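Notes for the one structure printed next.
Which chain is which? They are A, B, C, D and E, in the order written, and residues in each are numbered from 1.
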Amino acid sequence: MDSPMIAALEARLERQRRQPRILVFARRHPVLVAGAALLATMVLLALLAPWLAPHDPTEMNVLQRLKPPSADYLLGTDALGRDILSRTLYGARVSLLVGVSVALFSALVGLGIGTVAGFNRVADRIIMRIMDGMMAIPGILLAVALMTLIRASIATVVIAIAMPEIPRVVRLVRSLVLTIREQPYIEAARAMGTRLPMILLRHVIPNLLTPLIVQASFIWASAMIFEAYLSFLGAGTPPEVPSWGNMMAEGRSVVQLAFGIILYPGIFLGLTVLAVNLVGDGLRDLLDPRIGRKL
Amino acid sequence: MNYLLRRLLAVIPVLAVVAVIVFLLLRLAPGDPAVIIAGDTASAEDIEHIRQTLGLNRPVVEQFVGWIGQILRGDLGTSVFTGMPVAEMIRQRVEPTLWISALTMAFAVVFAVPMGIIAAWKAGTWVDRAVSGLAVAAFSLPVFVIGYGLVYGFSTQLDWFPVQGFKSLSDGFVPFIRHLALPVISGGLIYMALLARMTRSTMLEVLAQDYIRTARAKGLSSQRLLLRHALKNAAVPIVTTIGLGIAMLLSGVIVTESVFAIPGIGRLTVDSILRRDYPVIQGIVLVTATAYVLINLITDLLYGLFDPRIRY
Amino acid sequence: MSVVAFPRPLLDVRDLVKHYPTRTFWRDSPPVKALDGISFTLGAGETLGLVGESGCGKSTAAKTLLRLIEPTAGQILFDGADIATLSPAAFRPYRRELQIVFQDPYASLNPRLRAGEIVAEPLRNFGWDSRDGEQRVADLFARVGLNTDALKKYPHEFSGGQRQRLGIARALALNPRLIVLDEPVSALDVSIQAQVINLLEDLQADLGLSYIFVAHDLAVVRHISHRVAVMYLGRIVEIGPVDSLFTRPLHPYTRALLSAVPKISPAARQNRILLKGDLPSPAHPPSGCTFRTRCPQARPECAERAPQLVAHGNRHQVSCHFAETSA
Amino acid sequence: MSAPILEIDDLRIAFASPDGIVRAVDGVSWQLNAGEMLGIVGESGCGKSVTAMSILRLLPGPPAMFASGAIRFRGEDLLTASEARMRALRGNAISMIFQDPMTSLNPVLTIGEQIAEVLILHQKLSKRAAWTRAGEMLDLVGIPDPVRRLADYPHQFSGGMRQRAMIALALACNPAVLIADEPTTALDVTIQAQIMELLARLRREMGTAIVLITHDLGVVAECCDRVVVMYAGTKVEEARVDALFARPSHPYTRGLLAAMPELDTPGDARHRRLAEIPGMVPSLKQAAVGCRFAPRCALADERCRQTIPALAPTSGEHADHFAACFRAHEPLPGTAA
Amino acid sequence: MRLPLPFRARPLAAAFFSLAALAAQAGFASTLHMIPQGDLKILDPIQNPSYITRNHGYMIYDTLFAQNAKGIIKPQMVDSWKVSADKKTWSFKLRDGLKWSDGTPVTAADCVASLKRWGARDVSGRLLFAAVGEIKASDAANFTIVLKSAFGPVLEMLGKPSSNVPFMMPERIAATDPNEQIKDTVGSGPFIFKRDEWVPGSKVVYIKNPNYVPRKEPADGLAGGKLVKVDRVEWNYIPDQNTALAAFKKGEMDIYELPPADFIPVLSADASIKLATDPLGDQGWLRPNHLAAPFDNPKARQALYYLVNQGEYMAAAGFPEAYRHKPCMAYFMCGSVNESFAGSAPYAGGKDIEKAKKLLQEAGYKGEKIVVLTPSEPPVQAAAAMVTVQNLKKAGVNVDAQAMDWSTLLARRAKKDGWHIFHTYSVGTDVFSPAVNAYAQANCEKAPSGWPCDAKLEQLRAAWVAEGDAAKRKKITDELQARMYEVVPYVNFGQFFQPMAYRTNLTGVLSVGVPVMWNIEKK
């Protein structure tokens, strides 16, 4: 007894249902799938860099410096005669590594601290004061100061970028914990005699993972940009590391001579950050469109 | 009043934490101003002499106590390098930074909020996708790349705007705005993206509320629905974002100040960090942290304007 | 039904109080009196209905019994032992004896756990080994009328009624003697509600459980309870055997409540007693009888002293100065 | 009786969801006469609220929604009316009140602003006149000290007062039809009694025709003139209230009544086992083949499962009593109906 | 074809903005805008040897003597002087009418105090004052220096062109502890420092000193009449080189003091821009830590020379051929009076990695980590470090390239352990003689970071400064340099010409290795 319009629609839906699941998924979550595909490409390029890169990314050839693209140097060379293509490909490794590590590090630390703050009122007071203090210092200053404090390496860059993110994660986790601990299923667990550590592990943390993962993906994206800022301000990854930030920072003084030095890493960085952001957006919409507000 | 006082008192522990963090961070960092003052050809002895005259040989705790005492007397100290009072250095630099921040914020708010509203109203349509796409794209490029691009296009090629520098409003409005246009746009894009996304998601949430349905059932026009019923409800999260975004804004301002050679607070801080001018860094961070805390206090107070349920 | 059916109380609650302090920066405001000294007993195999409007403290009372909310004062004698003041560790064994089923069957189930895990959780907490546990969970599923293939499903894959069955299975897992049912059917549709009520009755008959049944639906309470307590602003205003209370309500509030329920049969509609206004704030309850502000029979003396629960016949108690005259 | 003021004619509403098309309303028809109170009852997901929302076209529009049939208000089809026309009708000729008074009022506008707004919009009153009228409306719905309360925000009102304010808002323009969508579900029983009393009084005084959407058979029994019973997007029974409760025809209606515990039964009611309707509400993602209720119906036979029963007059003494069942009135096994 | 929107709007907007720009610039025709090499943060050119502070010194202070374009010492504030026959007593008479910028007259006592302060801080000042027995003012215009031991280049020291320059200050200021910064900026130079307009990190402003008394002779090198032909000079520090280049090319700035080498081709291609270079040029220094194994062994230091191809370093730094000196093995600068190639023969073959490996082995190197301090900036130092790291790796050295900012590097190298190599460079005027070349000192602890320790080298330096005769000095120079090639206090990684760029509307720009602002006219 369906009206013809509904019948037609039904038929169309049925046809779609018979398509491969991945296609159906892609139609439903275009943002997520586009982001994931782009990100996968970048990850692939990064992983395959040793095979794809025509040159050693750190090999200097001062006689070939600032060369325009040629058959040997497809994207030209930088101010020390290093192959821009190779450096860009290897740069994907550094940027992705830095981004992922920052996201993981700040998410894990933030999860730990935020959970404690959410469950212990005394600890909460102390922790939140410290977090407020950290948040009151502009992140980039905190990071630059940290970079001068510790010897420049990829690990220290990760820590320096993660540090200003941690208070934000802590606040998110704490507010989620405060919401979750009021949920009836937590009350139910207490009524069942579940002890606090188990409540945290089985009931609280799994339920805040979703927004945390979304938040982590945005941290990942911004960490890659932040890495470039640090290099720009002269406090980034060590100069011999072919990170996109370094390439752009080194290349910026010669922008007008060899635009490619800043263009190619810029494009790659932009695309990768875009990919991660799209994945984050997609995940947020997929998992829960309403957690956006808390982020 | 009660609330205001309590909030003002709450600023103190935050600043105390900031003071401790900054002080420790700096004193733990390798490198000190003495070696820089002594220069390339100095011997270890020379450096030691200078360190002594600067008081850097005293125990860290003693230095910290001394500094706190100074702060409490309202003295931010003097720069190790220039010998200028820190307060004076900040005063010199505060104008450009304030202008950039204020105009960046204004620029971002003026564009982002309508964009977010339209995107939310037209959720799922191409308008929404375009706005969301723009926002994500603006998020994906470092400020300095945008800055260089704008300089190349609008200064070097088109010659509409100067490449660098800052002109005070007292030098005339036109030079003032010409010098600030590019820094504000390049720094404001990210902030705008953030705000547009936030506005969109907040508006989406508000538009799904029961009272919006009520308003529609009253026969209101879309315009009135959005601007009177929805926006006022969305205002609190939007204002929160504006407040919390200050931190992000400042990060952007630091980079734009470097790109456009604008003598603002941000650049001063980075320079001071890179050459370990302790009193200056400490002073600035303390001042910016205070500003940050106060701005967030103001945004908190603003909530009351938008949401009658909040009573202090 | 006989008066002496429940000779020895399983639960004896005496003067249970729960106050929430509302401190502000400057001064202490009066506390919110969520529970203002309630007393009742419950026998083994008995169902006590706890009714009242939202904010009357019935849910607080239910949760305080299980120490999900810490009481401010008073005694909770369970099988003769006062469990109100026990340390959390000492109280823990009593968790096996006292269980709870929540109002919102969806919110009270962790969305990240499978049905089997949810029901097994109390077993794990009290040291069941996993093989016995598995068998027990399967038995419980059968007991509440769920298929064993439901073990692997997540809460969102169940319907509302099935979720409440899960909640009941979880509460039954440790073989409790008392189950607090906190509005267990109010989120369910009528047709499903009947299924759950029948299940609860069957379980009581088979296992000899005692129930504290919190609800605002008077018909459901009447159907399932042996005795009923009516609460208003943190106090019990009337308590008594179900038939006596429903056919001869003594407190004006109970009468208003009963008369307000819409009835299908025209014959059952009496003169409706419409109460004025809304529930006063529990932070600033009226002096004397807290109901007097809305009571159609309030007299000046009601403002002066608070009435106590007084027996009016067979196990039927009411707290109203004028209960007899108005009856 | 003259032509109905509101007429729903073979309304079908479907939503496209990712995993199929939900036929929320599947061929429902009814009429509302001037001054009448029509109850629409059913359990959650039966389509009663969707029907109500579709009258003012408040459902999220295409592409997610598909509607067919007709909704005629004074003969004018609202399904095809322009958006501007709908705006002119909403809150003016047809008003609506909702389930949750806590969330249905805008928290950042005063009660007075919210009421005056609709008066300025539809009645073209001046701001001052609208404000005065808003005060009168609050007075009418029994809010004490109405003029002062106009300046209050919703959070300063209790739940019952908010629903009164909602009613004042809905009736401000003296609409011909008021759609009340579960207006008392979120309220306590004593407040519910006040609100229902208020609605009844206002209906008497203002002559507004009311569509009352509810799941509570008791409320319907007390207030309504006629009642439509819905199940799974279809209308299963329609009758005058007294007829329906005196002689329910559809097995679903009968099951529903039997499943309800009763407040006013004599002493041994406790020992009557409640009748259960086995199973669950069916998924609406498949097109109906046969009676929607058949899987849960004790009377269902092959015909019920194959053919959709049409609405037909029951054999009872009431002429306007219809049920969509082949075996209406046959005794249900296991109950002493 | 449809133009993109911004381009279509161009004519109108351009007109609007260029009008505005004209209006804005009208008032400042005689202001010189320079992009300085760095941020002027320290105002004391005696306490601090950085070039930016030295340049500031040349703006506001004057000197007793100065070098002309040919490297000859000429009197500046001094009117006349006498040397006793034994060359032990030097008397000087100041020019008449010299005034400090606050209007008070310049006295001999001021100069004596200034020299003493300089002698306590500067490398060559210390050398001189080690030989000075007595220095005193006899009256307002005359003062004498009495030497207790022989010292040849007295005038060369007093006319030392680069850091630290013996600038003259009023006695009250010169009395400041040499380790403490002076607070007053009163000098007798051609400009006055506008303290109230100073924005550290951004802007330094100077105005013409009305009390300045220039010499009659035309300007010649750092000597001669310092005639100021503009009203005002602004140093506008632009930290971002790309922005600096864009601003300079657009004419927002007049002088670009230290454009990165990579910009040279761009700047030379621009007809409205000229490049000026100091004929002597600069020298790059690779400094090993003489206290850290294996570089405590001269063989290991020699090995470093076998890893250096000067051309490679210059290319890495980005200098076009025309701005590099051809490979030059003179420690005291090719083209200077002290040019010599003595002792360089072993390295004539150029880069020889095998030889370097062998020498390192002989020095006892066994694969320990060699720490190279690698700065992110400045560009020459950064590039040099990268090249050294790569070459060391090729020689099988286990390199630890530690990245850091320049401040950290300065601090790190000040510590005696924890590092092996850093790089820096110096302008020729700070290199060209054994008396001024700080890194040629081998007095162990007293030497700058790296701490070379060689008694013979120190003896030769002492002999060099004590020698008054030019020809004999030349001989000592050869000996000294030969010794340097044996003990290698530092490795010279190349000589280059760092240009200063200025726009062609300027005339009278002097190429002296210091951006001096006198004699410049702006059209």
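A few remarks follow.
Keep this in mind: contacts are C-beta pairs under 8 Å (C-beta built on N, C-alpha and C of every residue); 3 or more make two chains touch, one makes a residue touch a chain.
Everything quoted here is computed from the prediction, not taken from an experiment.
Looking at C-D and A-C, the interface holding more C-beta pairs in contact is that of C-D. Compared with chain C, the chain whose C-alpha mean position is the greatest distance off is E. If you average the CA atoms of chain C and of chain E, the two centres end up 89 Å from each other. A separation of 91 Å divides the Cα centre of chain D from that of chain E. Centroids of chain A and chain E (each the mean of its C-alpha atoms) stand 46 Å apart. Centroids built from CA atoms put chain B at 22 Å from chain A. For chain C, the set of residues that touch two or more other chains is empty. Looking at chain D, no residue sits in touch with two or more other chains.
Along chain B, residues 29-31, 148, 258, 274, 276 each make contact with two or more other chains. Interface of chain C with chain D (complex): residues 53-54, 159, 161, 189-195, 197-198, 201, 216, 218-220, 222-225, 242-243, 246-247, 256-266, 268-269, 272, 274-275, 278-279.
The touching residues of chain E, when paired with chain B in their complex, are 6-7, 10, 13-14, 17-18, 20-21, 23-24, 39, 41-43, 47-50, 121, 123, 163, 177, 179-181, 183, 198-203, 236-240, 242-244, 246-247, 249-250, 252, 405-408, 410-412, 414, 416, 424, 426, 438-439, 445-449. Residue ranges on chain E touching chain A, taken from their complex, read 240-242, 245-246, 260, 262-263, 265-266, 312, 315-316, 318, 374, 376-377, 379, 382-383, 386-387, 389-390, 401-405, 407-408.
Note for the complex: chain A touches chain C at residues 183-185, 187-195, 198, 202-203, 206-207. Interface residues of chain B, counted against chain D in their complex, comprise 209-211, 213-221, 228-229, 232-233, 306-309.
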